[in-house]
Structures are given as structure tokens and as C-alpha cells.
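Below is the structure I would like to discuss, written out as C-alpha cells.
Labels run A, B and C following the written order; every chain starts at residue 1.
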Amino acid sequence: MDLDYFFRLFFSGLTRGSIYALLALGYTMVYGIIKLINFAHGEIYMIGAFTALIMATVFSFAGMPALAILVLSSIIAMVYSSAYGFTIEKLAYKPLRKAPRLSVLISAIGMSLFLQNYVLLAQTSNFLPYPSLLPRIPVPRFLQGLVSGPQLIIFSTTAVVMVLLTLLIKYTTMGKSMRATSQDRTMATLVGINVNRVISWTFIIGSFTAALGGILISSFTGQINFYVGFIAGIKAFVAAVLGGIGSIPGAVLGSLVLGMAEAFAAGYISSVYEDVFAFVILVLILIFKPSGLLGKPEVQKV
Amino acid sequence: MSLILDVQDMTMDFGGLRAVNNVSISMEQNEIIALIGPNGAGKTTFFNCVTGVYTPTRGGISIQPPGGDRESIKGLKPSRITEKGLARTFQNIRLFPNMTVIENVMIGRHTQLKSGVLGAILRGPRTRAEERKVLEDSYEILKKLNLGHHVNDLARNLPYGAQRRLEIARALATEPFLLLLDEPAAGMNPQETRTLEALIRKIRDTEKVSIFLIEHDMSLVMSLSERIYVMDYGKLIAMGTPQEVKNDPEVIKAYLGEEVSA
Amino acid sequence: MTLQQIKKTALVSLWFVFLTFPIMVIRVNTITQTITWRWHNMAFIALGTFFGGLLWRLALDRKPASARQAKQPEVLTEDPDVTDVKAESGIARRLGILRVKVAQKRTRRSLIALAVFSALLFPHLSSLYQTNIMITALIYVMLALGLNIVIGLGNMLHLGYIAFFAVGAYTYGLMHQYLGLGFWAALPVAAVLSTLAGILLALPVLRLRGDYLAIVTLGFAEIVRILLNNARNLTGGPAGISGIPRPSFFGMTMNLYQVSIYIYYIVLAAVVLTVFVVWRFENSRIGRALVAMGEDDIAAEAMGVDISRVKLTAFALGSLWAGIGGVIFASRTAFINPASFTVWQSIIVLSCVVLGGMGSIPGVIIGALGLILIPEYLRAFSDYRMLVFGAILVTMMVFRPGGLIQKRRRAYTFHVEEQK
């Protein structure tokens, strides 16, 4: 077996997994709190990436240095994505708090369709080349040829975000409120948690990380169009379910498993079947663990 | 007389937690027995094991329907156990809220009927006769439980007491020989509880159904049941007539602080 | 509308101006390296969201009454079929009145007769183009009615329904290509195969609930689509199968116009059959058990309902219609490729069901007709139609979450004194 090839696939899987994780977090957090598959989440990611592209182009026309472009356009994109996440929730989900779950899902689907076409109409239907915003960093000698600089940036960024998020959820008041709300919304209200605010923050944080994922992956693949969010969104959702939806470590684990599975399937079997492989793994895992890898088994109170 | 229900040394573990510990309970035909105990003693878990919601970790559960053979029901699916003649109600009412009252009862008749998908679509004379029969039977059951005027109401619109009665009606529709009632009087006022008591007795006498109940309302338990089992921390701590149980020091200790009044 | 609210709306519209700034105002083209600034869009957004916001606010203010109405179980006291419509407003009120009217048996019969009659006459009164659109819409009615068995009655979220549609279409395509068989030979085979595929999918997922079921069904559909896409030797891959013949009618040769009308009547007959079967099924023993399972599976099991069997039945019966629809679809378009069977198609069928009203046959029919016909007639807006469509989905759900027509259970009458 070619060990180098194996490691190249491994790192490529890790890269995919990291990106899925940034997206899957948003799905899993929103799901944990309002039990909604937020179909529009993929569009948030797309809008984040688009905003970064727009701002970066404007700044580079203005002749700014590369690092300033990266930092400024990323921050603006993340702020905008969060604003979109916040607004979507207020507009399309909040009025439906007490509606049947499927209705909220349809509302999310409508929102997703709307946002795709909004970008399509306001920008373009074509694929646009995406500039590599990521700085060039040196790759340690022992990893040379196995992993690229941008890949290293992607997983280190993901790792940092995960750690920060875990700290946020574990130790801050908002994090505690989130956990309480996801366990029992009624109870959370009773102990004085402003549930609407918690939900808004969940969307804001989820959108923030989604935008980050969008910028990273678009810089990596070098292109973007209005439809990238939907496909990535479905994958990230699969990852979230694989890990056990509602569980944050589960989303990360699920994403890594999915990313690896796809990379190895593409590398050793055939790249056309990588998606089939991803879904087969999902089905197999769910058959044996119906609540996902780290999901708590649903205890039916009888 | 033969034992219609015979549970031998049953144990149920959830991970490290032993919810039911080596419990043996048996009952004879036409008996009304009760299982009591403080909250969290494992009573409902016991019911869930008997009715197939959980498969007990250890122990045996056998039944012998009147006029039938003794057989083990351990590990069977809940629907199979219901088919064999055990029916239950739930502690926290579990009706089909968006179906009408009569439909709730008609679901109870499910195992008594045969028609399949094809029959339903062709709707031949057999299916039609069966449908008419199930409607009539269900309506009869509703009338017996004093729910006749609610036929077409959605189950969730019923007053609380009527919902409890509908659960019993639905269970009776399965034509059980043993009815397991999980806290049938919960949330009822004394007036309603007295009516319920008469109703349960009437069911036992006219329908020839044995009754096994879990209940917290001591006045109901003491006046209704012929024998009482007491559980605490998953174990059986006492068994006997209401009088015996009431004076049992173990029971009084278990209920420390809780009033046991007859 | 108070001044306070107007002020608030103005603030909201300012927020939208900010929100849409990068996407709406700046347009970059990284190929030609140009930036276009479209400041006028800012004004459009400001005005649009301000007046839109006012309308939205007005509608939301009036919503609580109708929402309560929608949530409130129809009180079936005296006449079980008449609902109180006082509290409803606007469109909702009109629909409510329609509902009461529909509910009255005689009116209902004549309405059904009228619908069937106009459906029969439709192709003779309209153009070929209209007939073709209507065929598509009716195929979706079938799909929606089939999916309604799983979702509306069984309350199981199924996101891979289009896979069975693909099974039907490809069964016909392949049978024609390799065996030279025609429409009428393929129809029963496709029906059987799609039913089997439904059971095949249901078997491994019997234990899954809710969203886990949703994602596995979605995955199943994607697997089917990718396989079709990649098995080039068999299915032609992305190029698909073309030259699929139209249905034959005792060897008669028909021109395009005649054959469209013929297909129209075939699909109409199929829809009528579907409605009939679903209608009989939902008030039968198994149908009731399915509804009960959807409401509370543990209670249903405790009443002796074999959950696995009921689930399998629902999936099998649901998939059957998709298979039949697939054959008709293939014969209408004469060309199929995997692009017709994406997740989006599943989602559209799902939207038909939810928008129309889960579990309600007339609701699902209206939902499907609306969802397929509206974008067709929105072609006037060409580019904007999917945008508008998305907005309609959101607005509909916000203002009428239970769907256009709420499901209702059959009421039985007993000729006894205490019952009217």
C-alpha cells in the first residue's frame, strides 16, 4: 500500500471533515434548540462566501494589502451572515413557534429557495472564480507533499473554532441558557431564560461559523455560485445526523467520519461514487445506532 | 384455580440502574389486585415489562387465558401481547388526540378484525359487514363507559375524566382477559374517583375481565383490591389483603411521611 | 396601524437596506475584474421592504384569530361538518366559507361532479400547451397523494419519495430500450417494482424516527440518483434515455395533439384511481392503524397494532403511485435523465402535501395543482418565478401553518336518540 497516498487522502478527508463540521455545527445547534432542520443554513454559508468575495474584490480594487483584505472581508462576511441568520429566524421561523414541525420545515425550504434565487438574480448564475484569500504558510518538512498550506489553515481554524465554541457553551451564561433551552424549553422559560434571545443567538453563532466555512472552502476550491450552499448544506446535515443531531461533539465527529469516508471512497474506489459511499455509511450507522454516533437514545417515557 | 398471570423473579436493569429487582407477582382469574409503592418504586416499569414495552433482563412472564394454555409472553412485541389478551392504559394519557372518540375505540378492535389493504379498497360485502360490526361494537363499548354522546369529538377535546374513561374503553375494545390500569384515578376528584371505582368493579363483574392496577389513591386501592403488592426501590416489600398491607411495618416505613389512609 | 408601528416598520426596512447592501448594490465579476455599483437598488429595497413590512405587520396582527382557529380543533358538537368561520379573515375567511360549503354533502357532491366534469372537458377547451402543463400537474397530484399516505397519515417524514418516481420512469425507459416493451406492459411492472422498492427502503428504517428517517430516505433517493447517473452502460448516465414511446391505443396512430389528450386522460384516470384508493384506505382498518401510529406509536402498539407491518404497508402503498406516475411521466416527456429526480423534486412533492394540508385529500390535490401551476403561470415573471415561489412558501406557512385545508376525520352518525 502506498502510504503517501493514504496520508494524502487522510488529509483531504480531514479538510472536508473540517468544513462540514463548521457547517454541521449550525444545523446541530439550531436543531438542538428548536428541533428544526434549517434548510436555509446552506444558503447562509453561500451568502457568507459571496459577501467575502464581493468585499475582497472591492478592497483589492482599493489597493489594500492582502492580509487586510482577508481580515476585513472575512469579518464583514461573518457579520453579514449572522445578520442574515438572525433575520431569517425572525421572519420565517419565529411566527411558527407553535406550528406543526413540518410547516416550519417547509418555511425553511421556501427560505432556502428564496435566498438562492436572490443571489442568482442580484449577482450571477455562473460560477465565479474565487480568489485564494488564505495566506501562504510554510508546511512542516515531514508533511510536505501530503498536505497543503491552505489545508493546514482549514483544520487549525476549525479546531480553534470548536474549542472556542465548546468553551462558550460550557462556561458562559448564554451557553448555559442554550443547553437549558435545548433540554426543556418550557422549563427554561420558567426559570427566567429569554428563550427568544437564546434562539436568536443560536442562529447568529451558527451563521457565523457557517460563513467561516464558506470563506475557507471557497478559497480552497477557487470557485463559487449561488447553488454551492444547498449541496454543502445537505452534506453537513448528513454529518450532523451521523454524529447524533443536537450533539455538538457529535457534529464534529460525524463530519470527520463523513469527510474521511468520502475522501477514501473517492481515492480507492471511484470519485463518482463518493456520495453513494457517504450515504451508505450513514444508513449503516443509523441502522445499528438509530440516534447517531453520539446522540442520546431517545428515551420514550411511557 | 390457575394463575392467569404469573411473573417469576423478574429483574429489569437500565444500564447500571436496577428498576425492578427480582419481583414475582401472580394473579387468579377475576381478581382485582393492586401494585402500590412510592414514586419511582418501579411500578410502571413492571407494567412496561409485562406488556412488552421493555424486555426484562431476567425472569419469566407467563399467562394462561381462561380456557387456554399456559404460555410465556416474555420478549414478545407489545402488539402480540395485546393480541393474547392483555390490555393496558397509560399513566400519562396516551390517546390518539386528533382522532375521534369512536376511532380511538375502533383502533382497539384492530386485532379482532381481519380486513387488509385490498379488502379496504375493494370494500366487498365482507369488509363492509366487518366495518359495520366494528362501529356497532365500538359504540356499545362507548355507551358502557358513558361516552356515547362524545362519539365524533376529537379525543383531545374531551374533559380529563372522559379521556381516562376513553383509555379504558379503548383497552376493553381489545377484548382482554386482563386489564392493566396505570394510575387510572390520577388527577381525579373524590367524586370522579368513586364513579371510577364502581366502573372498574362493573367491568370486572360484567365483562369477566381481571384487573391489575397501579394506583396512588389509597382509598381507591383499599376498597377496590382484593390483594395488594407493595414495591419500594424496585423490590417487592409486602403482599396481602388490604388489611394486612396497611398494618405491615415495612410498608409504613416505605411510605414514611406519606399518609396511608383507608 | 399606529405611528409607533410605522416607525418600527421603517426601522426594519432600514435594516433590510443594510442587510442587502453587499449582494444587491455591489456586483462583482471576478472573470472580467469589474465592479458595478447599483445604488438605485437601495431605494427599491427601502421602498419594497417598507410597504411589504406594513402589509406583513397588518397580516400578522390579524393572524392570531385565524391561527387560533386553525389550531383549535373543529368543535364537532351539533353538525360535525360545520365549522365556525367568524374568526377567520381575508383569504382564510373565504377558504373557510368554502370549507363549510364543501362540507355540506349535497354541495360537496355537486362540487366533485363539477371538478370531474371540467377536468374531462379541459383538454378540449384549452391549448396543447395548457394540456401538457396540466398533465405535469396531475402527475404531481398523484405523487402528492402517494406521499400523503406516508407523511399525512403516517406522520413519517419522507424526503426521498422521488426515488420511486425514478424507479417507475426508468422501469419503462429500460424495458423499452432493452425489451422493446410498450407503455401498457411497463405500467404493471413499474407498479410492482416501485412497491417492492418502497418495502426495500422501509425494512432497514423501521426503527428510525423523525429526522433520522428523513435523512435516510433522502440518502436513499440520492443513492438511486447517483447510481442512475453513473451506470452509463445501462441507463445512459446523465444523457438519460430518449425516444421513449407514447402510450399506444390499439395500434392507432395519433398526432402530437391527440396523443397529449390521450395521456391527459390516462393520468386523469390514474388520479381518480389514486383518490379513490387513498380515500378508501384512510378510513379502513389499516388506514386507521396508520393514523393512530402517526399520532402515538407506543399507544398504537399497545392496542395490538403491528407497527412494522403498518409502516411497510404505508411505504409500499405510497411508493406504488410514484411508480405509476413515473411511467406516465416518461411517456409524456419521451426522455428521462437523472436530473429529473433530485432532492428538489422530493422537496416539491413534500411542499405540495404540507401546503395543501397534510392528510386531507382535497387539500393535497389543491396544493399540488397550485404548486405546479403557479410557477408555470409565473413564467411571465420568468427569472423571478422561483424567488416568488420561495417567498410564497414562507408566507403561506407563516399565515396558514396547517395548510390550505385542514384534515378532518370522518364523522359517523348513529341513529340513536342521544345522537342527532
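The rule we apply is simple: a residue touches a chain if its C-beta (ideal position, glycine included) is under 8 Å from a C-beta of that chain, and two chains touch if they have at least 3 such contacts.
Computed from a predicted structure; not experimentally measured.
Enquirer: Going by the contact definition up top, give me the pair of chains with the most C-beta pairs touching.
Expert: Chains A-C share more contact pairs than any other pair.
Enquirer: When the mean CA coordinate of each chain is compared with the mean CA coordinate of the whole protein, which chain is closest?
Expert: C
Enquirer: Which whole number of Å gives the spacing of the CA centres of chain B and chain C?
Expert: 42
Enquirer: Can you give the whole-Å distance between the Cα centres of chain A and chain B?
Expert: One centre to the other, that is 48 Å.
Enquirer: Would you kindly tell me how far, in whole Å, the mean C-alpha position of chain C lies from that of chain A?
Expert: 29
Enquirer: Could you say which residues in chain C touch two or more other chains, in rising order?
Expert: Residues 298 of chain C touch two or more partner chains.
Enquirer: Identify all positions of chain A at which a residue touches two or more other chains, and write them in rising order.
Expert: Answer for chain A, listing residues that touch two or more other chains: 302.
Enquirer: Quick check on chain B: which residues sit in contact with 2+ other chains?
Expert: 53, 90, 94
Enquirer: Taking the touch rule as given, give the residues of chain C at its contact with chain A in the complex, in rising order.
Expert: Those in contact with chain A are residues 15-16, 18-20, 22-24, 26-31, 35, 41, 60, 63, 71, 151, 157, 204-205, 207-209, 211-212, 214-216, 218-220, 222-223, 226-227, 229-230, 298, 343, 347, 350-351, 354-355, 358, 383-384, 386-387, 389-394, 396-398, 401-403.
Enquirer: Provide the residue numbers of chain C that touch chain B in the complex, in ascending order.
Expert: Within the complex, chain C touches chain B at residues 73-77, 80, 276-277, 280-281, 284-289, 291-292, 295-296, 298-307, 313, 317, 407, 409-412, 414, 416, 418-419.
Enquirer: Where on chain B does chain C make contact in their complex?
Expert: 51, 53, 77-79, 82-83, 87-88, 90, 94-100, 102-104, 106-108, 110-111, 113, 115-117, 119-121, 123, 127, 130-131, 134-135, 139, 148-149, 151-154, 156-157, 170-171, 173-174
Enquirer: Where on chain A is chain C touching in the complex?
Expert: Checking each residue of chain A against chain C gives 31, 37, 47, 50-51, 53-55, 57-58, 61, 76, 80, 83-84, 87, 91-92, 95-96, 98-100, 102-107, 109-119, 121-124, 126, 128-131, 234, 237-238, 241, 245, 272-273, 275-276, 279-280, 282-283, 286-287, 290-292, 298, 300, 302.
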